[in-house]
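Both of the next two complexes hold chain A, though its partner changes from chain B to chain C.
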Partner chain A sequence: MKLSSILLASALVLAPMTAMAAGKTVGFSQIGSESGWRAAETTVTKQQAEERGVTLKFADAQQKQENQIKALRGFIAQGVDAIFLAPVVATGWDSVLEEAQDAEIPVILLDRKVDADPSLYMTAVTSDTVYEGEVAGNWLKDKMAGKDCRIVELQGTTGSSPAIDRKKGFEKAIADASNLEIVRSQTGDFTRAQGKVVMESFLKAEGAENICALYAHNDDMAVGAIQAIKEAGAKPGEDILVVAIDAVPDMHLAIANGEANATVELTPNMAGPAFDILDAYWKDGTMPEKWVQTESKLYTQDDDNNAIYEMKKSLGY
Partner chain B sequence: MMKSPRLPLYMTMATFVLAYMLCIWEFPSMFSSRVVANLLTDNAFLGITAVGMTFVILTGGIDLSVGSVIAFTGVFLAVILRDTSIHPLVAFGMVLAITIAFGAAEGAIVHYLEMPAFIVTLAGMFLMRGLAYVLSTDSVPITHEFYDVLQSIYWKAPGGGRFRLIGGVMLLVFIGAMIVLHRTKFGKNVYALGGGVQTAQLMGVPIARTTILIYATSGGLAGLAGIVYSLYTSAGYSLSTVGVELDAIAAVVIGGTLLSGGTGFVAGTFFGILIMGLIQTYIVFDGTLSSWWTKIVIGVLLFTFIMLQKVLAWATTARRKPATEFAMRS
Partner chain C sequence: MMGGTLRRIAPQLIILGVVILLNFIVFPGFFSIEFQNGRLFGNIIDVLNRGAPVALLATGMTLVIATKGIDLSVGAVMAIAGAVAASVVTAGGGWFLALLAALAAGLACGSWNGILVAVFRVQPIVATLVLMVAGRGIGQLITEGKIMTFNDPGLIHLGAGTILGLPTPVYIWVIMGGLITYVVRRTALGMLIESIGINETSSRLAGINSRVLLVAVYLVTGFCAALAGVVVAADIKGADANNAGLWMELDAILAVVIGGNSLLGGRFSIIASLLGALIIQSVNSVILLSGMPPEFNLVIKALLIIVILFIQSPAVQHAIYLFRASTPPHAPNENGAKNNQTAKESLS
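Up next, the complex of A and B:
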């Protein structure tokens, strides 16, 4: 594996006309490693750079904006060919982005956007959190195919933008299906423990036999809820369908075990599309759209979830 | 008392020059106006804070509240400029008045209640951080056009480095502090107080006034650092600059100032700041090292400089006053 990627990298270096990115240097300012997903994003970015023969300069900001600004200025001083930025907050990037623009270094935002003039960065590669909710909703709609279904919903942290968007997307998807109804919806704070506690209260209030499906705004809450369903004597994945978002390794394992039904992936591979954009830009100056949406892939029991679990585990989730 | 109080300062300067040369040797592009300009711009708020910290530590005290004061200042400015039509300059004046008064209050408590500065300023740290959160938990952007004007003031050096206003403010603060410490009565009082309260009293130093002024200076400079930080990020955020007080203390100690007070120079602090900035720059240039190495290197440097100070102190006392020490023990 290692050898083949080195061979691939050297082949790319020798053929600069086919892959423009090879031999280039890209600086990546990452927020930190606060969550498993973030760690996986870092791993995937490093892998992507290695596969493409790009030298990646990586700077972990330890959750501090001043560290990110310093890292960006360092990249500019160094004269890197492009900069990836996963911004810790949305504000306060104007000056440093101007400096990058002045030095003619393209900046691509990963995973989050900033409150700066869009002309100051090349593009933002992020997922569409509303669409993620829609994918989950559509799956359930197709699965039920007109049969009545009482749904309980575990929301993310109240007021957080992914929670608002994932709720909106799901509701949008099921709006035209009168057979689907969200009967209870409460926050589980995106955590496993809260997911379990809130699901227990749902089960008590409604009775397991009266709930047909669970929609959780993230996998962690779903995994907690699965535990609660089992403890209530029902079969998760059969008696109560479970659909969630993120596609973390533990959810794949749950799907493989038949305890969950579907998950929508929030891909940690934001760098792949970003490198593709840079390739096109360096080849013939193609400018991307200001927002590039990553794929929100749906995983169900039809996929080989055991294999995906093994693969994802090594990414540092 | 020490034979060569300037020795630690020279050691710090030599360390910086040597380290910078090593960096350039490995990454020739680090020898550029950009890197120099970045060192000044990116460390401006920390440098200004560290000047205040140098004053406090010279008297044998400590000020743990500065990081929170910076965050409070930023949030205060952002909220004021968002919700009212007050001009930023007026807001700067207001926030400086608040932070100076806050520092003076800390100094008064330290002096009149004879409380350890550590605990008083720890309380101040929680108080200010809490106030920042009460004002706003979100990052509040600052969009006032006067900020744009201030941010657009820079001198673009050959090589692309931008020497911004805030870096200049830091340099002025350092120069001002040197003049105050070495050319004024207040400066003499600061050093005297660091030599011991009783000695200072015998020398006729106004202890109460000096102590209050010292903490007011530290509070005010933290407020100024907060203004600089808000210019740096165009926003106020209550979670920002957590732990900056510790970075400032580290810079002061690396700069050769004794934690027990009485000995040290603001110039040393300046090089302490530069060394810390250089380590971060090196790690970014390398691009493969974990950024946490910054902390490790600073930790090692701190140990080295503390040991050095101890050795120097021990060498001078062992040679000069064996009799006094003997007398004190018996």
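Up next, the complex of A and C:
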């Protein structure tokens, strides 16, 4: 998704090339409170704005696209300097994005992408969900170092894009390791309760002693599964290795307690890179790539998970 | 009396047997039960344990449906109750206080539904839809949109603990279902509830206080839903207002329907609904144990449920009845036609 050179040139001409972020106003249209991660994203965005001296106008859309469109129109009417948008759905954004473009307000998408002409927004700051799965898979591959390992997988909600991508990434990472094999794979709907229920059935169907590792598409399912493993009389983190994605506080706590082994962070700091992009753009008109990938950091038992737990807990997860 | 009950629940027992046999076919170790870590450990135990929330909901739902009503809000009430229990216990209130507060919240939700239906005469599906939509929001307000975790051993015991090796939720739903069945069947309450479902106006004219009874059945569903909410939250040591009890109202209604109860109200059997809940859980168990990719989950579930409902449908039941009547075990062939005719006459 490269920007065409014509668009780049016109954007450069149009760009106000004066000040940096301080003193600017940015509107942020957030989806709503759907998960702890999103609450943390909101907190981090507000912190980032404050650190940089940016006035942040925050609008909570309560999971409704029409509220987000209203919020965007409000931001345009107020003449903000830039807009951050965490889109609740992928489609239906063209006309409001055109309005923002007409008003020469750059729009940066956070965390999710939209199905619209890429020229209508400046860039999208998201994580690479396939890569997240790969990081998890590579960790397990390195950890096992050639030893045989029968893996059970807790998938996310069937058909959802993170579930598809995180499965794909993990499978890609272990494809060349014949010692690693996924023996059971079932959906846990991204929830703790289902993660626990499905893990119970895995433990019965395979026998706890025949499972070497659990890969969960998110931490919540892993936290539920850890309880199921304990109730089955096995030791999570030792008898059955646990690796998942998201790095929510409770997972850090589980790692600190030795009940889980690794998690790949889906950073709530999408706004940091977005503000950096705006800084560069306002300084000398630098246009970013159309997609900016956030870091997918791996946390293991080598990190100080108690400290990270305390820090993350304060973000509102 | 016992014979009558047995005949009433025979179809459910047979279906449950068949689904359990299916479990055995896909996973031969299905019946094995081990004792480890101070708890019984096996697939049968899982079905009884995991069936608890739907069984609890189905107990209350049966009564509401018997009055020709429906309660769509039970899933949301579960979320509220779990959130209340978690917030009380994290505030240092102790598990018993948390349980009481959650049950009180469930009763408050039930009285809201009951008053809308009984006093303001709002149609039950609409009245309870309000709380179904708003309730989850209330739960999220209480937990501030996060999973509120707790470590109180007393509260956790209600969901993840065991008594004499059996998981606590099994006791909870068996006792709750038994208690309510006993109360409605050993008193006239059950019959009065049925009469409201069959014809509310005439039962009111006959002197039945339908308003009080209607509010009461919604109170019972609220109570049962709150209990289910506490069990679910305690099981994962956290109140997840976004997901707790999500779509579970539909499973509860399905359990009542599989139990052979009519959505048009009238005669009901709580025991049959509880068997319905176990059937649903056994179907879930087949899916999990079969090791099929998750894309098939809902398709398999839908197919099995369609077969179950098809067998129970009046048309098929009628056909079975005619088939039986036309081929009596000892009668000679020429009597078959005559028997058939009598069967038809007695039916019409």
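The working rule: the second predicted complex is superposed on the first by the 298 of 317 C-alpha atoms of A that agree within 3 Å, B and C clash if a C-alpha of one lies under 4 Å from a C-alpha of the other, contacts with A are read in each partner's own complex, and residues count from 1 in each chain.
Definition applied: a contact is a pair of C-beta atoms (placed from the backbone, for glycine too) under 8 Å apart; a residue touches a chain by one contact, two chains touch by 3 or more.
This is a predicted model, so every value here is computed, not measured.
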For A:192, select first, second, both or neither according to whether it touches chain B, chain C, the two together, or no partner. second
According to the stated criteria, A:86 is in contact with first (chain B), second (chain C), both, or neither; which is it? neither
With the two structures laid over each other on chain A, which partner does A:316 touch: chain B (first), chain C (second), both, or neither? second
Quick one: classify A:102 as touching chain B (first), chain C (second), both or neither. first
Check the residue A:73 against both partner chains and state whether it touches chain B (first), chain C (second), both, or neither. first
Looking at A:184 after the superposition, I want to know if it touches chain B, chain C, both of them or none. Which is it: first, second, both, neither? second
Contact residues of chain A, present in both the chain B and the chain C interface: none
Show which residues of chain B lie in contact with chain A when the two form their complex. 27, 29-30, 32, 34-35, 38, 41-42, 45, 139-141, 151, 160-162, 164, 229, 232-235, 237, 240-242, 277, 280-281, 283-288, 290-292
Would you mind writing out the residues of chain A in touch with chain B in their complex? 27, 55-62, 64-67, 69-71, 73-79, 89-92, 94-95, 99, 102-103, 115
Footprint of chain C on chain A - complex, ascending: 33-36, 38-39, 155, 158-159, 184-187, 189, 191-193, 196-198, 200-201, 204-205, 220, 223-224, 227, 231-233, 250, 316-317
So, in the complex, the side of chain C touching chain A is made of residues 27, 29, 36-37, 39, 41-43, 46, 50, 140, 144-147, 149, 160, 232, 235-238, 240, 242-244, 285, 288-289, 291, 293-295, 297
